[in-house]
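Which chain is which? They are A, B, C and D, in the order written, and residues in each are numbered from 1.
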């Protein structure tokens, strides 16, 4: 038993954090939200270059083997920096393609996902596929088959403008029958949970910094006990979500993963509400960068499993 | 439209409050909890003498007519002073007896309930009857009939020691078939809601008084913002429960009554949790009088309709 | 105690309902926080005003119906139940007009109110400044005396409606260096298109320019646009903000209608049991808020002045509104993420509730100190 | 990262489980807060101790098994999963013993620990005083130097277990008038049956005497019962209370077992959908607390000292425990009002969680100031 990240994992997180801090992600997010993907693609390459997507790809397809814990570590950082794009979906597509009966689609598509050369999205028929307009690989799922969708519908706006959702056109090349959707869902939820945890941690950090410098009635508002206690509650929520996320990555047990998903997302959303309240009006504006995390916290709550769906898995687990 | 108590109703509340304040109700409650009913019966007579039970009894049975609003006003005061005994049950029995097809049982039993000469309890078969050991009139209900139960089983302890619950023996004199249970339930829930509101108000008052005088770290703990805000939340909850209770008394609409029941009981319980937290250890002791209200707040939540049952009525209303 | 409306009020209700049935647009107007929507809502104000439904509580001479508060509550119930558009004139009608009725001159009322009632002039509020949020008394924008009027300079922010509105009202420091910060402030009205005014729209969380920053550089305001005595602005504004937090900022009709819509959504979705209790709480909360308001209105009608209890009201409705919308989004499931559902814009709007019109932290301090009598001074 | 137990730990688990299967009483013991139940629980401690299961984390020489924290966690999981009785020796084992291991003498350990391990001596804690709740440094009970020892006088309260226990430990002011209140305190052990000690049991909300007031009137305590240096009691106690709030006060096994019981109750009742989410949250919370504890234990094993993060732990478990019990009572419906269900006593016990071992208000101040770096000084 040693439930701790090792030195390399911490260094990996640290280097991603440093790279993303230097990347001015807010301007990347704002461009992405307008459908201008240039900066986002450049950042994607650097994220891939750091090895993030390869963590979801087996070695035989030019990944580094499937390492969910390292992937979770990376996704916390991606969430912390509000990196846009089909991050979770690319990982989900990789999980799905890795486990098809026929290795041909994996051989053809996975190396480019691992290297960052292409992005992927994935959706069940009827659901939205994130960033269908930006990706090369669009996996369209039904209960019985997975197809390479030939195109996508218009973008449907999300409360998080960086999440550009589209329906996928039906038809297209049949990649496999009986796709391993349960496995894909595990990876999707795990990655979303980690991303949400990162979003929540960023919201807390930014709010702590804000209340230390914002003064009202002649003192920093961070000296008011009501402010302190709300932030303390956010800290408790996030610090108890964190081990669930890492534990789920370690076990990949469906109930653990569902528990991590709902808890990390609720903690992030609670923290978003607190962040908004403690920033006051400035936090309510789209132009202030806080909004990039606030809106994402809301959207991630229902992505890849609503709170109710996740709790249903927990009680049946 | 004039949604305000009139001068007489306010004076009625004030005189009950004064009478009960002088009555040392905590010692009455403690005796009652041990099964010593002497002081409780004496207090009952005074409550009846003030006209409380007559408010649930039609004039033809020596009441003052059925006045649910005045009754609610009275029950707020009874709750505020933690008066023990089958208060709600006596009112419920009166509502039930008033509306039987055959007037004979009402003629025989109601005058004594109105005057306070006898107390009543009432229960559906399988449920507990409060204070079955203390009363002369035990109404036992099934879907099809109401009987005068010949006796009661042993007392089952409640988290509120003043609530001495018993099963009623089956059989006994048949008073009527097809009893108007829905009406009885309305009165039971309304009276419970008002009582719970009074319990919550007392808990708030006592806690406010406590935090003004209790010092820690050299200042009254009531000067800490975390303490203030918890009490403010209790105040909001109670002040929005109050119009629901009075409104339900005015309309006797089942959804209004159920809404008042669940809201007043939740507000009282929330206030109990706050009261306990802000009193610290002293509040956690049976010997400190606060406990009389704390435990009642918990017990009333499920009496005559759980929160879920009440909410079900609201959404179907 | 009488919880029924008078026959006259019910007749008024029937008249309002009939008018709304005939006039409320079948399709929702575009968002009033867009240029197109703003214009559509302004036209709707004119349509209301044409049949004297825009300002029912005002005297008839200004376009109203002299409705008392109970009749106003009836109107609001019908208005929101009918799904009628949001009120682009709300700032002027519920904040500025009461101040003019109480502190303005005859001349000001005659000049300002009729065009407010028709939507010809839409008003923005200009209270806040970048460094004065909850601490409203620390305003620094200046009003400097000049010949026949005042020159306004400084910066206002969070000015709702200002992106598209015509005029604005707010407080300005006319006497610098007073012993206490809320002294020496003057309440003024000014033109958003006057020379020296720069309006910079600010996008809300959903990107819509629901408010703006105002940069003022020696903006000339004639004396006739001062409300009350110069230097007395704080007292005058406080009577307005007490009103704002009190009865008229959020009418019960709004929440009754929202709760009914929520319950309908829940029923249409098959009465999901996991959400039942939250739907019930939304219905209960709307009823509680309605009854609380009736009680307050009854006290007000009986001559009582509503004081700090309006803080109870503010905390309740602002948190209620968010909870209701969160329940709605949860009922929508994945669809709830979308920015264009029938609940999205009002969800975003609800999020501002606990912040504006005095943060809920301030309101809880007021409740604790002024209603419960707890010691002041530490926060 | 390795979230699995070693084969040796799993063998230990199997051994513990087998022993518990064979020994745990089929019927619950009477409440340990009654005289009869106290005696029964004391006998159970002896039964545990006979096979070296009462203090598994202690060294073997004192009756333990030298279990590290991970093995202790395994033991606790099995212990509560087996539905084994509450631990009447908890105060001594988890509060006093760690202090003796860190600050006591060889002689004290040899004299005190063996009888603690067998339940022959049951210890009460004597921290609080009537005027010193959260403000523990303001203690006024005195220890006055006398020949070969100290004379204790004053009043202690909220002394848990003291109604029926044998001995107690606490802080006493041995140097009056020190510049700061937490200086000049001495950590002492004393006999509850010594001349000069009066024990007044205090009934908990459910009437059971779960704690007591202690009136001390020149109670003679020999020097051998001073722990550490006289005057250094605060520092010594703080290392104990940090431990108290940290890993060992509430083991994850306790909540895992409670959540499983709750889920079983929910399933037996037909999986009421209205309560599903709360049952799920109980299961999730137990898992979160288990994993949080594993992480803390791993850091501790790696040589890190656990500091203010124990405040996160305290807030979490204390509020979790109440929520879990409220859900259980709600599942019981009207029956949940009863004082003798399988959930009643632990519900009442849970209510004390946010108050004792440092109120949650204090814990949140610590989290804000020491973990988040917010300014101190105002509350």
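Miscellaneous remarks
As a convention for this text, a contact is a pair of C-beta atoms (placed from the backbone, for glycine too) under 8 Å apart; a residue touches a chain by one contact, two chains touch by 3 or more.
Keep in mind that this is a model prediction, so the values were computed, not measured.
In this structure, the chain pairs A-C and A-D differ in their number of contacting C-beta pairs, and the larger number is found at A-D.
Centre-to-centre separation of chain A and chain D, using mean CA positions: 40 Å.
If you average the Cα atoms of chain A and of chain B, the two centres end up 52 Å apart.
Across the assembly, chain C contributes residues 274, 276-277, 361, 364, 378-379 that each touch 2 or more other chains. For chain B, residues that reach two or more other chains under the stated contact definition are 223-227, 229, 307-308.
Chain contact topology: the protein chains form a complete graph, every chain touching every other one. Residues 1-6, 9, 70, 263, 266, 271, 276-277, 279-281, 283-285, 287-289, 291-292, 294-295, 297-299, 301-302, 309, 312, 315-316, 361, 363-365, 367-369, 371-379 of chain C touch chain B in their complex.
Of all residues in chain B, only 127-128, 156-161, 163, 165, 216-217, 223-227, 273, 276-277, 280-281, 284-287, 291, 294-295, 298-299, 302-303, 306-308 touch chain D in the complex they form. Every residue of chain A that touches chain B in the complex is listed here, in rising order: 224-226, 229. Residues 1-6, 9, 69, 204, 208, 211-212, 219-220, 222-225, 227-229, 231-233, 235-236, 239-241, 243-244, 246-247, 250-251, 255-256, 259, 262-263, 307-308, 311-312, 314-315, 317 of chain B are the ones that touch chain C when the two sit in their complex. Every residue of chain C that touches chain D in the complex is listed here, in rising order: 273-274, 276-277, 378-379.
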